[in-house]
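There's a structure below that I have some questions on.
Every chain is named by a letter (A, B and C) in the order it is written, and numbering of its residues begins at 1.
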Amino acid sequence: MEFTAGMIAAYLGGEVEGDADAVVSTFAKIEEGRPGALSFLANPKYEHYLYDTQSSVVIVDREFEARDTVRATLVRVTDAYASFAKLLELYAAHKPRKKGISDRAEIAGDATLGSDCYVGAFAVVEAGARIGDNVCIYPNVYIGDGVTVGDNTTIYAGVKIYEGCRIGSNVIIHAGAVIGADGFGFAPDEKGEYAKIPQIGNVVVEDNVEIGANTCIDRATMGSTVIRRGVKLDNLIQVGHNVVVGEHTVCASQVGIAGTSKIGRHCMLGGQVGIAGHLTIGDNVQLGSKSGISNNIPEGTVYFGYPALPISRYHRANAVFRNLPELSKTVYRMEKQLNELTGKTGE
Amino acid sequence: MEFTAGMIAAYLGGEVEGDADAVVSTFAKIEEGRPGALSFLANPKYEHYLYDTQSSVVIVDREFEARDTVRATLVRVTDAYASFAKLLELYAAHKPRKKGISDRAEIAGDATLGSDCYVGAFAVVEAGARIGDNVCIYPNVYIGDGVTVGDNTTIYAGVKIYEGCRIGSNVIIHAGAVIGADGFGFAPDEKGEYAKIPQIGNVVVEDNVEIGANTCIDRATMGSTVIRRGVKLDNLIQVGHNVVVGEHTVCASQVGIAGTSKIGRHCMLGGQVGIAGHLTIGDNVQLGSKSGISNNIPEGTVYFGYPALPISRYHRANAVFRNLPELSKTVYRMEKQLNELTGKTGE
Amino acid sequence: MEFTAGMIAAYLGGEVEGDADAVVSTFAKIEEGRPGALSFLANPKYEHYLYDTQSSVVIVDREFEARDTVRATLVRVTDAYASFAKLLELYAAHKPRKKGISDRAEIAGDATLGSDCYVGAFAVVEAGARIGDNVCIYPNVYIGDGVTVGDNTTIYAGVKIYEGCRIGSNVIIHAGAVIGADGFGFAPDEKGEYAKIPQIGNVVVEDNVEIGANTCIDRATMGSTVIRRGVKLDNLIQVGHNVVVGEHTVCASQVGIAGTSKIGRHCMLGGQVGIAGHLTIGDNVQLGSKSGISNNIPEGTVYFGYPALPISRYHRANAVFRNLPELSKTVYRMEKQLNELTGKTGE
C-alpha cells in the first residue's frame, strides 16, 4: 500500500506543507524515521527529531511552528496523535485476514461454526462447541467441549480453552493463553496430604476483552471466573478461580490474582502486582508495579509497595528507609549524649 | 444427572428437612444459589445467605439451628463441607472421559501405550516413550523420546514433555506446561559472552502430583530435577534445574525456584515467592506471598517479606516502617532539643 | 557410548591415576555418583564427596592432593571443570539430531526451507517464511507469515512466532515461547474505555540467543523489539513492545521488562526483577533478584530492592529495618527521658 502526502491530508482533512506527491508505504517513530515512512509529532519533547528525521511525511498539529528547516513533508491536522492512530487502524484493518477452514483441523461433527470463520491447521474444536461469525482460530488452538465463542473474536496459535468456557465477541486471545484450567483447590487431610477439590465451574470472558500471551485464567470451583467487558490483560498473568475482574480494568504483565478476589471497574494494575485471595479491590483503584495486596482496597485510591500502603505514605516512609543508616547513627549518638547528660545532671 | 434431596440424604446418611422430592442437577455456592442447584453451609459467616438462597437444596451440619425461615430443603449431615466435597467428587468422577486413539495423532512405532488410553488429535508421542494404562493425552501434546508416563495420568492440551523425563501415576498436568526444557546454565568467557552448558539430566515427577497451566520445570544439568509425590504446583511456576520439591508441598501461582535449591516436605509457598539458587528450605516451612528468600530456612518456620524475615519480626518491623516519617521527625526534633540542651549545660 | 579412563585422559591431555580401563557411559555430579558414571571435582568444598563417590572415573585438577583413599579412577587435567564441560559438549553434540520434514507438517507453498532441516508433525510454516539450513522445528510449532529463521536454529515444540518476526542463527527457543504477540498498547477514551493501538512492528532476535520456555517477547508498536546477539533469557520472562536487550545480557526466570525500556550489554538481571517502561539500564548493570526498577540505572552499577537502591545502601538500610522495633523503642524511651530532662533543666 502506497499513499501520497496529498491523499493522507485529504483523508484526514489536513493541509500539506511541502511535496504533496511524497510517497509513504509504512509507519515509523519519528526518532526511527526512514525514507518512505510516515511519522507523527505530538509531544514537544520529541520536536528536535523533526529536523533530522528521514521519514518522508510527518503529521503535526495545525498550530505547530517549526523553529528550524524541515526536510520532510508536513501534514497539518487538528490532533496529530489521533490522526496517526486513525491511519494505523486503517492500515491494520486492511491487513489481509486469514480465511477458510483447514481440512487438517479437527472439528467435531456437532460443533457449529458461523459464517466467514478461519480455522487453521491442527486446530481442534470439540463436541458441542458453538463458534460465531468471523471468528479466527489459528493453528494448534484447542477449543474444548461445549465452549462458546462470540462473533469477530480472534484466537491466536496454541491457545487452549477448556470445556464449557464462554468467550464473548470482539475478543482477542494471544498465543499460548490457557482459559479454564482447574482452579488450585485442595483439601489437606490429617497427614498433610492433599485431595483435589473438583473444579466444576467455568470461565466467562465478556465482549471486547484482550488476553495476553501465555496468560492463565482458571475455571471456578463452582459458578464462573468472570472477565468483564473491555478488560485488557497483558501476558503471563494469573487469574485464580472465582475471580471477577470488573469492566475496563487493565492489568500489566505478570500480575497474579488469587482465588475469589473481586477487582473493580476501571482499575489499573501495574506489572507483577500480586493480590491475595478473597479480597475486594474497589472501582478506579490504581496499584503500582510489584505491589503486594493483602487487604481490601477502597475505591478511587492509589496503593504501592509490599506490603502496599497508600502511595504517598509509602513513598514518604521509603524516603526515610533509604536513610535509615544515618537515622540509626543519629539515634545511638543521641542515646550516648543523653546518657552522659543524665549521668551529669544526675550528680 | 438429577437427584432428589431424599436420594442425597440417603447417600450421605443424612436427614431431609423440607421437600424430599426437591430436585437438583448442579452445584452452586450458597451466595450464588439458583433453582435446581445444591449448595452447602459450613462457615457460620455465610449463614445469612441461607435465608435468601435460590438453591433448591442446602447441606448443613446436623446441629445447625436456623434463626429465620429457610425456603430451601435442608439435608442435615455430620460434616456439611466434607459431604459436599464427596458429592462434587462423585459428580466429577462421572464426567464422561475422553476415549480412543486419534488417527491424527503421531505415535512412534516403538512407543508403547497401555490399555484404555486416550490420545487426541495432533498429539505426538516420540520414539521409545512408554505410556501406562488409562492415560489421557489431549490434543497438541508433545511427549518426547523415551518419556515414561504412569497409569491414570492426565496430560491436557499443548503440554510439552522433553525427552527422557519420567512422569508418575495419577499425575495431572495442565495445558501449556513445559517439563524438561534445558536448565539455565551458561559459562561466561573472558569477553563476557556465554557458552551453553549442556543440560543432559531429566525431570522426574512422582505420583499424585498436579502441575498447573504454563508452569515450567527445567531438566537437570546432570541427574534429575525431582517433584516428589503429592506435590501441587499452581500455574506459571518456574522450577529451575536440579531443584527437588519435597512430598506434599504446595506452591501457589508464579512461584520461582532457582537452580539446585531443595524444598522440604509439607511446605506452603505463597504466590510469587522467589527462592534463590542452592538453598535448603526445611520441612513444614511456610513462606508468605511474594517473599524473597536468599538464605536457608529452618524447618517448621514461617517467613515473610523481601528480603524475608521470620514473619512476626517482619510485621513488627513493617509496622514501624509505615510510621517512619513520624519517627524521623521525632528524632530530628529531639536532636535539636538535645543540642540546645548540651549547649546550655555545656556553659 | 562407552569410554575408558584412558581414552578420556588421551582426549583431554591428562594422566590416569588408577584403572585406565575403567569404563563410563554417563555423567553424574560427584555427590550423586554411580558406577559407570564420570564426575569431576573442582570446588574444594566438595572434596569430601570424592572419598565416597560411586562414580567410576573422576576428573580432578592436576595439582589436587588426595587426603584419603580414593576408590575411583582419577584423570588429572589442567582445568577439571573446563575439561568436564568439554566432554559434556562432546556428548551433547553427538546426541542424534531429529531429521526430515514430516508430511504431517503444514508448510506453505511459497515458504522456503534450507538444507538439512527438521520439521516435526503438526508444525505450521506460513506463507513467505524463509527458514535457513540445519534448522530444527519441533512438532506443533507455529511460524507466521514472512518470518525468517537463520541457520542452525532450534525451535522446540509449541513455540509460536507471529508474522514478520526475524530470528537469527544459532538461536534456541524453548517450548511454548511466544515471539511477536501484540504489544500492550491501548488508548483510553473519555469514558475510560480502551481502544486498541495497532501493533504493526515486529521482533528481531539476533544470533546466538537462547529464549526460555513460555517466555513472551511482544512485537513493537512500530519498528522492532530487539534481542541482541548472545542474550540469554530464562523461562516465563516478559519483554514488552519496543524493548531492546543489549548484547550478552542474561535474564533469570520471570523477569518483566515494560515497554520501550532499553537494557544495556553484559547486564545480569536476577529472577523476578521488574523494570518499568521507558527506562534506560546501562551496560554491565547487575540487578538483584526481585528488584523493582523505576528509574534509569547508570552503567556498571549493582542495584537491589524494591524500590531498588545501590546494593550496599539497600543492605545497610535493610539491616536497620529488621531492628526497627528496637530502634523505635529506643527513640520513644529517649523522648520520655528528654522530656523529663527539659522539664527538669527548664526549672
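Details
Note that a residue touches a chain if its C-beta (ideal position, glycine included) is under 8 Å from a C-beta of that chain, and two chains touch if they have at least 3 such contacts.
Listed by chain with UniProt protein names: A, B, C = UDP-3-O-acylglucosamine N-acyltransferase.
Given the structure is predicted, the values throughout are model-derived calculations rather than measurements.
Copies subunit A and subunit B of the same chain sequence form an interface built mainly from non-equivalent positions, shared numbers / all numbers used being under half.
A rotation of 120° superposes the C-alpha trace of subunit A on that of subunit C, rounded to the nearest 5.
The geometric centre of subunit A is 25 Å away from that of subunit B, both derived from CA atoms.
For subunit C, residues touching at least two other chains, in rising order: 122, 140, 158, 176, 214, 236, 254, 272, 306, 321, 323-324, 327, 331, 334, 338, 341, 345.
By the touch criterion given at the top, residues 27-29, 32, 85, 88-89, 91-92, 102, 104, 120-122, 138-140, 156-158, 172, 174-176, 210, 212-214, 230, 232, 234-236, 248, 250, 252-254, 266, 271-272, 289-290, 305-306, 318, 321-325, 327-328, 331-332, 334-335, 338, 341-342, 345 of subunit A touch subunit C in their complex.
Listing the residues of subunit A that touch subunit B in their complex gives 106, 122, 124, 140, 142, 144, 158, 160, 162, 176, 178, 181-182, 184, 186-187, 192-198, 200, 214, 216, 218, 222-223, 236, 238, 240, 254, 256, 258, 272, 274, 276, 292, 294, 306-307, 309, 313, 316-317, 319-321, 323-324, 327, 330-331, 334, 337-338, 341, 344-345.
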